[in-house]
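You will see chain A twice below: alongside chain B first, and alongside chain C after that.
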Partner chain A sequence: MKGDLLVSAIGFGIVTASVLAVGAVGFTLQFSVTNILNLAFGSVMTIAGFTAYALNARGVNIWLCLLVAGLAGGVLSVALNAMLFAPLVRRGTKLFGMVIITISVALILDHLVQAIVGPSFFSYRVSAGRTMHLGAMVFTTTELITIGIAVVAMLALHVALKFTRFGKAMRAVATDPLLARACGIRTHRVVNLAWFLSGVLAGMAGVILFIDTATFSATTGTEFLVIIIAAAVLGGVGHAYGAMLGALVVGIVSEIAAALINPSLKEIAAFVLLVLVLLVRPRGILAEVAANKEVVA
Partner chain B sequence: MSAATQLYVITLLVYFFVDLMVCWGLDLQFGVAGVLNFAYIVFQAAGAYTTAVLTLGPSSGNGGFQHYVGGARLPFPLPLLAAMVVGVLLALFVGFIGLRRLRSDYQAMVMLVVSVIATAIADTQLNLVNGPAGLALVPKPLASSISLSPLGYGWLFVVFSGVVCVLVGWLIHRIVESPLGRTLRAIREDERAAAALGRNVNGSRLLVFVIGGAVAALSGGILVEFVGAWAPSGWLYPETFVLFTAIIVGGRANVFGVALGALLIPVGLQQAVEYIPIVNSPTVLASLEWIITGLVTITFLWVRPQGLLPERRRTVRSIDRAVRRRAVVIAAGTSESLGGGP
Partner chain C sequence: MIVGLTALALLTAACSSSSPGQGSNPAQSKGPLQIAIFESFSGANAAYGPEAAAGCYPAIRLINQDGGVLGHQLTCLPVDSKGDPADAVPAANKLLASGSSLVGTLGVGSDIATTVMPLFEQAKIPVFSTTGQASFDRSTLQYFWRNLAPDDAQGYAMAIAAHKLGFTKAAAVFGNDIAAQGTAPTAIKGMRKLGISLVTNQALTLDQGSYRSEVQQLVTGSAQAIVSEADPQTSATYLSELSQQGRRLPMITDTVSQEPSWIKAVAGAIGRSQLSKIDTIVIPYAPMNSAAYQTYTASLLASKAQVPQPAQWNTDLYSVADYDATVIMSLAMIAAHSTSPSVYNSFITKVTSPSPNAVVVHTFAAGKAALQAGKQIQYIGASGPSIFNRYHNSGGGFEMIRLTPSGKTVLVGPITAAEVLQVGG
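Our next item is the complex of A and B:
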């Protein structure tokens, strides 16, 4: 019986991990290039999720809404960087100042959404589909599509990072921005691309999160942000593949903790994991980025 | 003044004094020592819960609808002193774990997560401090022994919190001007240089953490004794952000600057928003408050990051003058004791 519980918890964990993976990789991508700890990521997720809701309520298929939401997230992130983060970095704001700025942005955006949509809960018009059993694990069609989207996104990102010129440029700026600039890479463009991709992934993550949690409110995105950061940091700050690994670990561990110990511990487990990782190995499991870099705009 | 106006002013003043204490404590940690404590509100909450639990009596009282650990009916200053002790212990615990040499934004992240964990625990562990409903019906200190009208008691409480606030402010001012303050500023500016000069970096930082924690806990105790209730929704992690905004706006490491910030942001902004006529829904009003606070922070970090009253620049000249003055005094003293001319 306990074994079955464990296996089904792993099944739930994989679904959670898929949601986490998209978010964590988006977060890490931007962080590796710009070195700004963007706590407004959750707000971008929320806004994209509600954009999808606005379309979905008018009858648009949810998976189409997902793409639109991704685009919205990308545009919003680039706008935030161009109007706010980049100018402040150019004025000399350092790491902690930027964190305060991103928290301010997160608060402003979250409360704007809350003021507009109100405190109620919403849900998408999407059918769960048939349930399938894989041993003791239970999946609905929607959940399988979610896992599929996450896998496709990860593969696409892997191909982009490894084989395209922009991908290599991004990795170069992530490793050493000054040297990259000296080699003729237009860091400004790479940074904007990183923000755009991160925003797209944030948007998609927001929609998948809202689908996964069935009912959502204006605060769901930011509440999930801490778990996303837990996954991103666990895997290795600045290392996209590490973020995927971290998402898997956090997703499965928190679901197992919820199933075997206490359901209320699901979030606390993820947070405690994050604190432990930040203290014991702040560079994460697969680290690539030096901890002493400054912010890039 | 009408009774309602008096009550309003009393509430405003008590909140101001409590917020001022809290801002000074956080400024000591962040402004002077450079310790990024994004979990500061947790210490205030710990003090509030301790005071509440030690004044409410056993949890079976009042009909037993509240579940919490402990429970005693201690007379007046004891719950507040106990709150300070709890603040110190919690600060030692969090400090040992969290005050590692992390880069500044990771440090902020760790503390933020600690804050989130704390609210999550208070919310979900229903028998700890009564979960999301929180504690209520906390009796006012000495209310039974002092026979005053409610308004009279209110003004007495204002005087009490004001006196405690001034004492805390004086203490913090003394610390900032003392050699310990110099050490903290040195650690803030260049940790390795301070360590190379023989300063105990970790010890000093832990000390500030503990002092700040005790001040926060005391303020929490005073606040809960005035308000009579305390719930997790009142100390979520953005509350610390409001305090940081107050310090950024007022001016970090400047006792008067922080006082100005405490007047403008937690008290002033919150009250100013209430008077905006367009909005009548309370939830939209609360959201508006946060939006404005966020905009103020961004504006100040963009335009005037040092704050309205910036930190006093301590130059070598001022130290030189002090040294020369003391040299004259010593010379005069020596010539006297030698009983003769120079």
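Our next item is the complex of A and C:
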């Protein structure tokens, strides 16, 4: 019986990891290039999620809404950078100042969304589909689609980072922006692309999360941000593959803790693991980012 | 010189009579009196503020229509506590320092009551609090009032409901927040006392992305029903995942699950039809076909300008209790012939306690007329009688209800105060 619970918890952990992975990779990707700890990421997830809701409520298929939400997240992120973050960086705002700015943006966006949609709860029109048993693991059709979306997104990102010019340029800027600029890489464009990709992933993560939770409000995205950051940090901040691994570890460990020990230990288990890993490897499991890089605009 | 001194004296008198100051009698000027709605209007619990407003505004509408209180009109003053002590304390201090028009307060829920109540006590402002915390069951605070049943009594009532509905094996699924954990211990204790076997006891971390493992744990047990209290997001995610696993267990929930935000969240997740089939709600007894309730409903629906989508609050007992609280405070002021909170506070029990000579009234207008005719009154409002014990707690029996898909209430059965006392000891 315990064995079955363990196996099913691993299955549930994979679903949770899929939701986390899309968000964590989006978060860490932008950080790797700009070194800006964007705490408005959760708010972008929320706004994109509500963009999808606006379409879905009018009968648009949720998976199509997911794509639109991704686009909305990308555009919003680029706009935030162009209008606010980049000008501040150019004026000399340093790391800590930028963190405060992103917190302020998050608060403004969250309150704005709440003022518009009200303190209510919303749900997408999406069916969970059939329930399938793979051994002791239980999945619904929607959950399998979520896992599939996460896998495709991660693969696409891997291909982009590894085999495209922009991907290589992004990795170069993430490693050493000054040197990258000196080599003729247009860091400004790379930064914009990073923000766009990060926003796309934030938008997709928002929709996937809201499907997973079955209901959402104006604060749901921001509430999920801490665990996304935990997954990103666990894997190695600024390392996309690390974020994927971190999401997998956090997702599975938290579900196992809930299943085998106590449900109230779910989050505790994830954060205890984070602390233990950082004690042994302070930069995360797959650390790579240069420690003393400043913000990049 | 005499003219100048006279002018100066007149000017000084005019300034002192119009300048606010804590402890001065609001009746000296005939300006509006304020009932503060001290609740969350933003953040995760942003629905609580509008919920309380749905009690305050209908009440003051009727009160002002009937000429107000001792020549004063009443206003509702929303104050955002943000549901967090760190924000609530400065908000309370600011409110209490802002002037002498404040005569009473609604709200002050479980998340902030312990930190904020002492401030209102010190300022001698009556508070009708929505906290259900057991720590207030024997409160010695003179300005604390509670006209809804406390969480521990609610827990026993839920256990009795499970027993009356014939369940012998149940699962306890409660959020790990302060409100739900106020109900959980007595629900569990009550079920054990009534011979109901507890298959699993889960304290859910709120607002997680998934509860699949917790649901799996529940499913592998042999529970016949779930006894539960959790916030809208948590409940919706949990029940959606339970439904995905093909299980539809009957539920016994409490007052939280007749709040519009809870209903919307869970109905959105599992469907309104399924929710109405499986959920039995245990709430303090409030006769919804009474004259007082009809009066409340009519005024609520007429308060559209201040209360958006007013119909959604019609069956929300927290809104109803806040309506009664506003009426009670107003009648107490009339009975005391004073709008000074430190004076009328002791008259709250005088207008709500039963007595052979008391005229039973169900509306502010009837109460005001009786008081002005020199009579003693007992106000029995939309939430039923408010009979306060020496700790300023009022609680009576409960009832089990179901909500139909269209939102109508169907009575399943009563749970008397005596039954709660028997189980609770």
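The criterion applied here is as follows: the second predicted complex is superposed on the first by the 283 of 297 C-alpha atoms of A that agree within 3 Å, B and C clash if a C-alpha of one lies under 4 Å from a C-alpha of the other, contacts with A are read in each partner's own complex, and residues count from 1 in each chain.
Methods note: a contact is a pair of C-beta atoms (placed from the backbone, for glycine too) under 8 Å apart; a residue touches a chain by one contact, two chains touch by 3 or more.
Owing to the predicted nature of the structure, the values given are computational and were not obtained by experimental measurement.
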Checklist entry - So if we stack both complexes on chain A, do chain B and chain C clash, or do they fit? => result clash
Checklist entry - Where does A:274 make contact in the superposed view: on chain B (first), on chain C (second), on both, or on neither? => result first
Checklist entry - When the two structures are overlaid on chain A, which partner does A:255 contact: first (chain B), second (chain C), both, or neither? => result second
Next on the checklist: Looking at A:111 after the superposition, I want to know if it touches chain B, chain C, both of them or none. Which is it: first, second, both, neither?
Outcome noted: both
Next on the checklist: According to the stated criteria, A:88 is in contact with first (chain B), second (chain C), both, or neither; which is it?
Outcome noted: first
Checklist entry - Does the superposition put A:12 against chain B (first), chain C (second), both, or neither? => result second
Checklist entry - So, A:226: does it touch chain B (first), chain C (second), both, or neither? => result first
Next on the checklist: Looking at A:264, would you say it contacts chain B, chain C, both, or neither? Reply first, second, both or neither.
Outcome noted: both
Next on the checklist: Going by the contact rule set out at the top, does A:55 touch chain B (first), chain C (second), both, or neither?
Outcome noted: neither
Next on the checklist: Which partner chains sit in contact with A:119 here, chain B, chain C, both or neither? Use first/second/both/neither.
Outcome noted: both
Checklist entry - Which parts of chain A are touched by chain B and by chain C alike? => result 111, 114, 118-119, 264, 267
Checklist outcome for this item: Note: in the complex, chain A contacts chain B through residues 37, 84, 87-88, 91, 93-101, 103-105, 107-108, 110-112, 114-115, 118-119, 226, 229-230, 233, 264-265, 267-268, 271-272, 274-275, 278-279, 282, 291-292
Next on the checklist: So in the complex, the part of chain B that touches chain A is made up of which residues?
Outcome noted: 36, 97-98, 100, 102-110, 112-114, 116-117, 120-121, 124, 238, 241, 244, 248, 283-284, 286-288, 290-291, 293-295, 297-298, 301-302, 305
Item to check | chain C-facing residues of chain A, complex | outcome: 1, 4-5, 8-9, 12, 15-16, 19-20, 111, 114, 118-123, 128, 131, 138, 140, 209, 212-220, 223-224, 227, 255-256, 258-259, 262-264, 266-267
Item to check | For the chain C and chain A complex, residues of the former touching the latter | outcome: 41-44, 46-47, 49-50, 176, 202-205, 207-214, 216-217, 220, 232-233, 236-237, 240-241, 243-246, 260-261, 264-266, 268-270, 308
